[in-house]
Every structure is written in C-alpha cells, then in structure tokens.
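For reference, chains read A, B, C and D in written order, and residue numbers begin at 1 within each chain.
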Amino acid sequence: MRVLTYAEAVREALRQALADDERVFLLGEDIGVYGGAFGVTEGLLTEFGPERVRDTPISEAAITGCAIGAAVTGMRPVLEIQFMDFITLAMEQLVLQAAKIRYMFGGTARVPMVLRTPAGSGTGAAAQHSESLEAWFAHVPGLKVVAPSSSADAKGLLLASIRDDNPVIFVEHKLLYRTRGEVPEAPVPIPLGVAEVKRAGDDVTVIATSVMVPRALAAAERLAADGVAVEVIDPRTLRPLDAETLVASARKTGRVVVVYEAVKTLGIGAEIAARIAESEAFYHLRAPIVRLGGQEVPIPYNRRLEAAAVPQEDDIVEAVRQVMAA
Amino acid sequence: MRVLTYAEAVREALRQALADDERVFLLGEDIGVYGGAFGVTEGLLTEFGPERVRDTPISEAAITGCAIGAAVTGMRPVLEIQFMDFITLAMEQLVLQAAKIRYMFGGTARVPMVLRTPAGSGTGAAAQHSESLEAWFAHVPGLKVVAPSSSADAKGLLLASIRDDNPVIFVEHKLLYRTRGEVPEAPVPIPLGVAEVKRAGDDVTVIATSVMVPRALAAAERLAADGVAVEVIDPRTLRPLDAETLVASARKTGRVVVVYEAVKTLGIGAEIAARIAESEAFYHLRAPIVRLGGQEVPIPYNRRLEAAAVPQEDDIVEAVRQVMAA
Amino acid sequence: MRVASPDLEQLVGMLRTMLLIRAFEEKADELFALGRIHGTMHLSLGQEAVAVGVCAALRADDYILSTHRGHGHCLAKGADPRLMMAEFLGKETGYCRGRGGSMHIADVRGGNLGANGIVAGGLPIATGVGLSIQMRRTGQVCVAFFGDGAANEGAFHEALNLAAIWMLPVVFVCENNQYAMSMPVRRAMRVERVSDRATAYGMPGATVDGMDVVAVHEAATSAVGRARAGGGPTLLECVTYRYRGHSKSDRQRYRGRDEVEAWRARDPIARLRARLTADGALTEAEADALAAEASAAIEDALRFAEAQPEPDPATLLQDVYA
Amino acid sequence: MRVASPDLEQLVGMLRTMLLIRAFEEKADELFALGRIHGTMHLSLGQEAVAVGVCAALRADDYILSTHRGHGHCLAKGADPRLMMAEFLGKETGYCRGRGGSMHIADVRGGNLGANGIVAGGLPIATGVGLSIQMRRTGQVCVAFFGDGAANEGAFHEALNLAAIWMLPVVFVCENNQYAMSMPVRRAMRVERVSDRATAYGMPGATVDGMDVVAVHEAATSAVGRARAGGGPTLLECVTYRYRGHSKSDRQRYRGRDEVEAWRARDPIARLRARLTADGALTEAEADALAAEASAAIEDALRFAEAQPEPDPATLLQDVYA
C-alpha cells in the first residue's frame, strides 16, 4: 500500500471530501496560498479555488461562528484553527453555540462541521503555541473529539468526521505531521468512537493518545525484549470514548498505564482511569492505575525543559516496569 | 455566631478586602448600581465609589485582560463574570495570559487577581446560563480554582483568594446564594488547597463539591438512619487539590462516591477518582469508585428535565446504597 | 436605494403583528408574576416596531438570528404563538421540545435560527449563514439582531468585518434601547451612535427612529435589498426603548420614571394606530378589534400550551447528537 | 498637540538603536539558519523605525506590551542585548530563565511587559495597565504594539473601547506591515487605514510613515503627551514593511520581489543615516562606526549568551505559582 505522511493523509481526506461533496469547504487563516502553518492544505487552493479554500482574517471567534452558521444552513465546513491554543478565542462559539444548538432547539437543527487544529509541544514554540486542550472538549456534550495517531487514522477519521452530522474537534499533532504510514487510496471512513488495539499483549495495558501512541509502541517493543507483553490501545476518539475496549483490556491484563501529553490533572487520562476504576475491571486490577501525563507547567521554551514537561518513551518504559513490579 | 447568607458572606469578604487594601478593586458588568445579577455587590458602589466598584461594558475578554494588566502592575483586582458560561469569552486571556505570564516570564511577574463567577443549574436559565466549567480551569497550571459550599467557606476562601498572588477562579453557586450559615465577623482567611471533612464517618467516603455538599450532607443524614456512617468531604479548592485528605478517607472507608454537578465525563470527579485509583488507597478499596456527575447533556430549560440532568439528594442516597452493596 | 413606502395593507399587517407581540409579552409578564414560568425572561415591550419593521422587509425563506430579548423577532418572522407559548411553558410540543425556553426559542423551519443567551453570540453565526447563502446562490438574506450592549463585544467587530470583506448578504440590526442591563449606552461607548461604527468596516450604516415602524421598515427594506442584490452588509441602528426592567431581577435604579414615561409617550403601536385611524384606513372600532384579536390569539396560545404534555424525563438524553 | 522635533543627539541615539535592532535580527536569522535556535521567530527587519520612534517618546518607567515580532520593541525600550540573547538561546540567565524564548521575552523591570504569542493578546492587558496607572496616579503611559492583522481580532475592539470610555493613558501602536502572515491587509479589511477605526471609539487616530523614524517619533510624542496629560488613548498607525518572511516556514508566495525591493529602497536606517550625514551631523566614518558598534554589541551579547548555563530540568516546576 502507499505510504503517506500524516500531513499528506489529512490533505488527501480533505481533497477527497471536497471533490465528493460540494457542500464541503475549508476556511481558516493562511490555508490558501500559504498552505497553512504546517503546509497541510498546500495545493488545495489551486485545485478548488478561493471560494472553497477560503483564507480568513485573524478572527477566531468569527470564523468559528461562520462555520456554525454555514453548517446550520446546509453546508459542511471544515475550519482550521492554526494552533490549538487559539481555540481559546472561540470557546463561546464552540461550546455555547455549536455544541448546544441542536439540543437547545429540540433537535430541529444540526451542526455538521469539523474544526481541525494542530496541537502539542515539541517544536520549541513555548507556552502559547503548544497546548493540548482536548480534555476540555471531551467534557462537552454535543461535541465529538478525535485525535488520530497515524497516517491511516488521520485520513479515515477525518473522512468520518466530515461526514458526521455533529461538530467534531479534530486534533492533529504537530510532531506526527511528518511521520509516515500506509494509507488506502480510496476514501474509506474509519468510524468515530472506536478504539484500536495497536499492539496486543497480556501483561499490561498501555492506553495512549495521539503522539504518545508511537512512543508507547516503541516502549512496548523495548519491553518485549524484557519479556513484558504490552497491549497498546489508542482510543482515537476521545468523545465518545470507547470505554468498552479499554475496560476489556484492563480486565484482561489487570495492569493499566494511561499515557497522554496534556497536563496530567484532568487530562483525558483522568477520565480513562476513572472509567476503569468504576467498571467491572476494578475487580481484576492488580495494581493502582498509573497515569503518565504532562507535568503541571506551561510548556517551556528551552528544549530540555520542554522535553521534560511531557512523557517520553523512557518514561513509558519506566512506568510499565513500575506497574509490573507493583 | 452571626448567620449570613452565602451572598452576604461573599459581600462581606469583598467589603473587608476593599477596606483593608487600597490595591483591591472590583470590576464587572452591572456590579455597581444594579448590585450584580445576583445582588452580591449590592451597596458596595455607595460605600467605595465608582472607581473601585467599576461597571464595565459587555466585553468579557477585555475586562479579564484589564484585571490581568492591573494585577501585573501592582493592583489586586476582583473581577466578576456575570455567569460562568461567559467565561468562555475570556479563555484566551485567562489561560494563555493570566495563568502563564509568571512562568513564561521566568518568575519576574505575578498576577494577583480573582475572578468571581456564579455557576450551576437549577434556576431555569437553560443551556447558556447554567454551566459548571470548573474542571477546565483545574486542568490549567498557573490557575487556582476555589468552590465554596457554605457561607463561612465563601467568606474565608474569598479573603484568601484576594490575598493570593496568583490568578484564582472563584466559583460561586447560584443555588447557594440564599443558603445561610454562621460566619465569623473578623476577616480570617481560610487557606486554599485544604479540604474539609464536613461530616465524619467510617463506612463510605462521599466527596462532594459546591452545591453537592449540602445535598450530600442531607443524604448522609438519611443514610445514618439506616446505620450507614457517611464521611462527607468537600475539597473546597479544586486546584491545587488536597488529594491527601481524600485519599486518607478512601483508605479508611474503602468505599468512595464522588458527587459533582458538572458533566460527568472529565468533571472534577474524574480527577478525584483517578487520584484515588493511583494512590495507596487503591489497595484498601472494597468497591469500584462511583462517580455521580451531571448527565451528558446541555442543561435543559424544562424544570423536570433540568433537575434530572444533575445529581439530587435521592441520587446520592441511591449511589451510597449501591456502593455499600458492592 | 430608495424604496417604496409600505401600502395600507402592509401597515395594517404590521400593526397586527405589533399588537400580537405586545399581547404575548404582557401575558408572559403575567405568567411570570404568577410564578408559572421557571427561569428568567427578557421582554421587548416598547421595541415592537423594530422586530416588525425589519421582518416585514424579509421573504419567508430569509433568516433571522435573534437575541435574549427575542419573542418579538420570533413572532414577527411568522412563528406560531401556540408553539412559542408551549416552549415558554417548557412543554414537549414547544418549538424546542421544552429544552430551550424563552432564551432559546428557535423556529428553524420558519427561518428563525434562534434566540441567543449570549450577548452578540448570534453575530458570528450570521456571517456563516450569509456565506452559506452566497455559496448556495439562493438569493436569501440574513438579519442579525443585537443590542447596544452587544456592540462592545469582540464578536461584533469580527463579524462585521468578515461580512464586509466578503460582501455577505447580512443586515446587522442594532436595537439600541439605551441600556445594556444597567449600563447606559453613553457610558459604554464614546460615539454618539452605534451606526458610527459602520465606517470602521467600510460598510453603510444608518440610524432610524425605532419607535416608528414605517421608518424602520423603509431602512430595512433598503438594506435587505442591497444585501440581496450582492451589495453586501449594512449596519442598521434602530433607536428604541424597553419599557420594563432588563429581566425580572431588575429594580431599575439606573433610570427615572420620567424617562420611561417620555419614551412611552412615543409608543410605536399607538403611533401607527393613530396614523391609520387619522388616515381613515382604520376606524377606532376596527383598531380595537385588531387589539382584541391579538389578545385572543395569545389566550388561545396559552390554552393550547397549557394542554400540552411536559417532556418525559426518560427523553433527557435525546437530541444531544444528530 | 504640536511637539518639538527631536534634536541631533536624540536622532543619533535613534540611529544607534535601529542599528542595534538590525544587528540583533540579522544575528537571530543567522543562528536560526545554523540550526542553533529551537522553535520559531519573527524578525522585525524593516520595521525598526516604529519600535525606536515610539519608545524614544517614552519615559523609563513607562510600559510597553509587545508582540510576537517583538525583538525591536524590547531593545528600543532599553533591554540588555545580552540577557535577550541568552533568552533567545534558552539560557537560565536570560530574561525569562529560558522559559519564554523569542516569543515571550519580557523585561518587566525595564517596563516591557512582554512579547506575546497571541495576536492582539496584549491589547486587553494594556487597558489594565492603563487603569492601574490611572488608579495609582503615577503619570505613566502604556504603549501597546500590534500588527495590522491584530486589528481584526475582537480583543482589539473591546480593548480600544474600554480605553476610550475610561480615558486610559494607553497608546495603541499598529505596525501595519501590509500583511498578516500571507493575508494582505486590503483583503482583511475594507477600510484604507487601520487608523480609520479610531472613530468607532471616539478616540484620535493617525497614520504616519513607519519608515521615517522622525515622523513616528513626532506622532508618538504627541500621543504619549496626550495620554500622560489625561487626554486618553490614541490609535497610531505606522505604515511599514517586513523584509523577511513571516517566520521561518514562509515561502512568501503572496508577494513579489519587486514589492520587497521597493520597500527596501525606503529603508528607515539608510534614510536616517543619509539625513544625518547630509546635515553634517555625522560623517560617513562616524556612521560606519555606529554600525560597527552595534554589530560588536550583538557579537558580545552572543558570546555572553553562549557562555551561560542551560536551565536545570530539576527546576522545571519552579515559578508556576508565586
């Protein structure tokens, strides 16, 4: 099968969605001739023209509202927010409007829109360009939250998100953009709300999201050499969360490590740990549920501090060893 | 001791802080002659004048930034956001600026400000005026989050918040404003970051926040009649969270119910459950950790639906019975 | 663009709708006083000419986005008072199945994309409706109502700019009723008129007497016509007044009775009625009959609403997702 | 308010600071190209006259709030290039202990309340600085820098309005460098000048040639004087140009070389130098010496910075809270 970078996979999903459905259009800051801050929309302006690949002024609240209004009246907008941090400027539109319109209006409207945004640290962009805020959105009924960790997932989940009739926050990770993987050419959506076992194993369950998935897989490989069989699961969709798959694995292995980049307190790992702790799997746990999340700091600029602020492969290996020893 | 309503207790703390420290001032929409949407600042304009009790236009982002700029340059502003929902308009200023300025600037600045805001449902104000968003802020390093459940706590914690050198989100609950309790007259702060055991008991730990504390206490009273000794703990500060007190109680009783009004998924109860599940208390748990949070819906208008959307006293009794039976 | 004045039939229609709004609001007030309404509400008594003058300039398939003070807009856009009243009472058969209530009544089919509990919250959405119209090439127009207080929100600025640069078919209608809750407009901005802000976006702005339904209608017709013809957005300010407090908690300490009385003397309904009776278009008896009709329609709506079922709590989780 | 033109000594000082900024930016560019800088950065090459002309109008105890393109503002406000360079290299002894980097350099003691990674993010904060000055009655002034792109953010609108109604001592300085990343200003707004928006707030607005440090300085002096005297805020637009791409990822497909060359021909440093040498205030040799001094200062700063220690990862959690 063809190998694409994660960025190319996102672009291919956008291209196919634009080609398939004339209601789909893109809007965002510098997505046209510039190709987006990370080059994801490169070339789409030429292919689809400025009406459907629409550059906007720097007005995050209004462009989010613009997507909402277009969605409510029959379009299927795909909005890019240049860095996830800037979503803080659009919270009212996203959370009080997009997420609630359908419910408040008694089911008489729907808001089929996707908000794509690059998240995460590791690029030296410091505290205001490195946020991982997905847990906020996963707290909000009416939104869906998707966070692909591979090229194939990026494409398939984005296609599904665009076809979904609800507002979807689609979280791309900057460090994943250049990672490569096999991706089917056909526009095949991957259903939202379904976790994937990325590697099977019986000793310990590692639940990882986004950029932590490749790190967890690398850690699992190293641990396998020590005879520890790690099961790595990627929830892929954070809301709705496929708790069933996670709980089943926890029940099987009795040991759980949850790995995520966002600040540990109230990051997605809090919910995952709580779901397992309240489930039937509780009775099968052999050790406390370990969470490996980001440190309780804004992301610092200095490269070494930045790396120390979020879980790295070594930290995962270490955490798994600890939970095996418990 | 004197009995004050929760609203009166908040007002007394504001009055004493204004009188004690000329750097303290209030700003917000309609806090002057109107006295605030819930009457909390009633009378303060007359007492302290329009410079220190400052009405603002409807510009949540700018007035939040205004508090930040004043705080950084030597003042101690206390900002009122009329409903917690509207904080969605100020997320960038709060989270990317107020919370990060000190860290980003290498410790050379500080942001001593308090943002007071009424939260919660139960008043028939529907989806855009009933939010409980405290978990978002508890996810953010650099912020502190306080949520008093009684008149005494409201006064003491607000005084401590105003004296704190960091940005504090102070969450008041609309349904608590008219509740009454004893409050010392002297301006005695209650330290942030310290949970309180509101009722001692050995059978089961109920950890409740804000308006759920009186509900949990009422439920505990009913359960006592059945011979179940419930320990009710109020964390009071949600960031930093006094996990030690919670874990110690969980260890003692082996049974935990966490009760909160916010949407269950990724509400503060997720973090509390995760903290306990990752702690030493894990080995002493006799049942899965039960979370009783808000339903996964925007708050509906209809009174019966609205009541059904968040935990009520009966639900707490029921949950405790279940966890005792597990 | 000069527009023709409304003909007599239209004027009588406008009077009828203004009367309907007034009757609805008075009934709402009464129900609230009786403790029969949960929550809060914001009455538009005194502002009827704005809702009616503007909506009379619209086609049935045009859109509006309304505000927290939205009962009038909703009725003026053609909503059924029965379904509105049912929503107001939180009933299952109301416009929003009782989930929305006063602050969120929407009549999506009728082109009312909803009241909004967030000040200025509808303005960004309006740009998207406008863009969708432009891309779908349907020739519709979108009206976004907002208050004077909303003009100080960032959303106002961003939305007007977006509409201007893309020449979107949106008419921004400011109901300047002198106050945002307790804040007088002159303390909240240093410009005389909200419409003075139009120049900052390179769009036309106008201020009209919002107590004169004919003036509102003419200005709206012109702005709507321009939008429909591809001429882009307009900022239309209608100077008006709310007779009652902001909401039920308001003791109105920020204004005097004289001021209220002075505005009441310019009542838009009395004014149109006087004009039509003076012109001989209506007799006093006919005019009284119109008012009685409106009251009857609202009484009917209330009876209907009262007879409707409450939502079943078992349906709580429905319609969160499509 | 008419203000006196700067005297020769001031002009030479301004030339010196512009040269220092240019040398800093060129070194920054070089370090980045060598892969010695982590992250991104935004160079102000071409815009030196704005930072320098404005900051020369300030007192040492006045405040500025800067932007993502903030190296020039920082130096112009009097920061030590050594500590700036150390921050740029992420060193423990940099202005922000290596936590901030290019996008967050702050010199709080020197009155620079920080660069800002958020477009328009400093504008609301500036109103609070202004309010604090007003309440503390210190006679200080706050300058808030922002770009043309920032003028379309809601924060711009809310902040200018707040400053206007409260007559805050804030000068809003727009560096209109023709683009916000790839977005030309004429596609992002339908007004000719950003300063045309001042009228929406009832505040004075002015547009000056941002390639002429003398013009900038005069306009800034007047605005700062008004602010200090209690006359309230001003919106001052300086028309300028950035010579380099927006940041390092920019292939500049949105503009042609000719355009860049045309602006370079108006270089603010060359212009002031030419004026001073033509006036006989400086000889060519003296002017060359100033440039050499600036380069030397930056070389010295770099040497200093290189010798500084990296932060210890064990200190990661320090300074989150006071």
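Assorted remarks:
Quick note on the criterion: a residue touches a chain if its C-beta (ideal position, glycine included) is under 8 Å from a C-beta of that chain, and two chains touch if they have at least 3 such contacts.
Everything quoted here is computed from the prediction, not taken from an experiment.
Leaving out subunit B only, with every other chain where it is, the touch network remains one piece.
Of all chains, the one whose CA centroid is most distant from that of subunit A is C.
Averaged C-alpha coordinates put the centre of subunit A at 30 Å from the centre of subunit B. With centres defined as mean CA coordinates, subunit D is found 36 Å away from subunit A. Remark: subunit A and subunit C have CA centroids separated by 40 Å (rounded to whole angstrom). For subunit C, residues that reach two or more other chains under the stated contact definition are 96, 98-100, 104, 116-118, 121, 152-155, 158, 161, 165, 187-189, 320. Counting partner chains per residue, subunit B has residues 57, 59, 61-62, 85-86, 89, 92, 96, 103-104, 126-128, 141-142, 295-298, 300 touching two or more of them. In terms of inter-chain touching, the protein chains here all touch one another pairwise. Looking at the complex, you find that subunit B touches subunit A at residues 85-86, 88-89, 91-92, 95-96, 99-100, 103-104, 126-128, 131, 135-136, 138-142, 239, 241, 262-263, 265-271, 273-274, 276-280, 282-283, 285, 287-291, 295-298, 300. The part of subunit B that touches subunit C in the complex is made up of residues 29-30, 32-34, 37-39, 55, 57-62, 85-86, 89, 123-129, 295-298, 300-306, 308-309.
Subunit C contributes residues 152-158, 161, 164-165, 187-191, 196-197, 199-203 to its touches with subunit D in the complex. Looking at the complex, you find that subunit D touches subunit B at residues 63, 94-100, 104, 106, 108-109, 113-114, 116-118, 121, 123-133, 135-136, 142, 154-155, 158-159, 161-162, 165, 318-322. Of all residues in subunit A, those touching subunit C in their complex are 25, 51, 56-57, 59, 61-75, 77, 92-93, 96-97, 101-112, 141-142, 144, 165-166.
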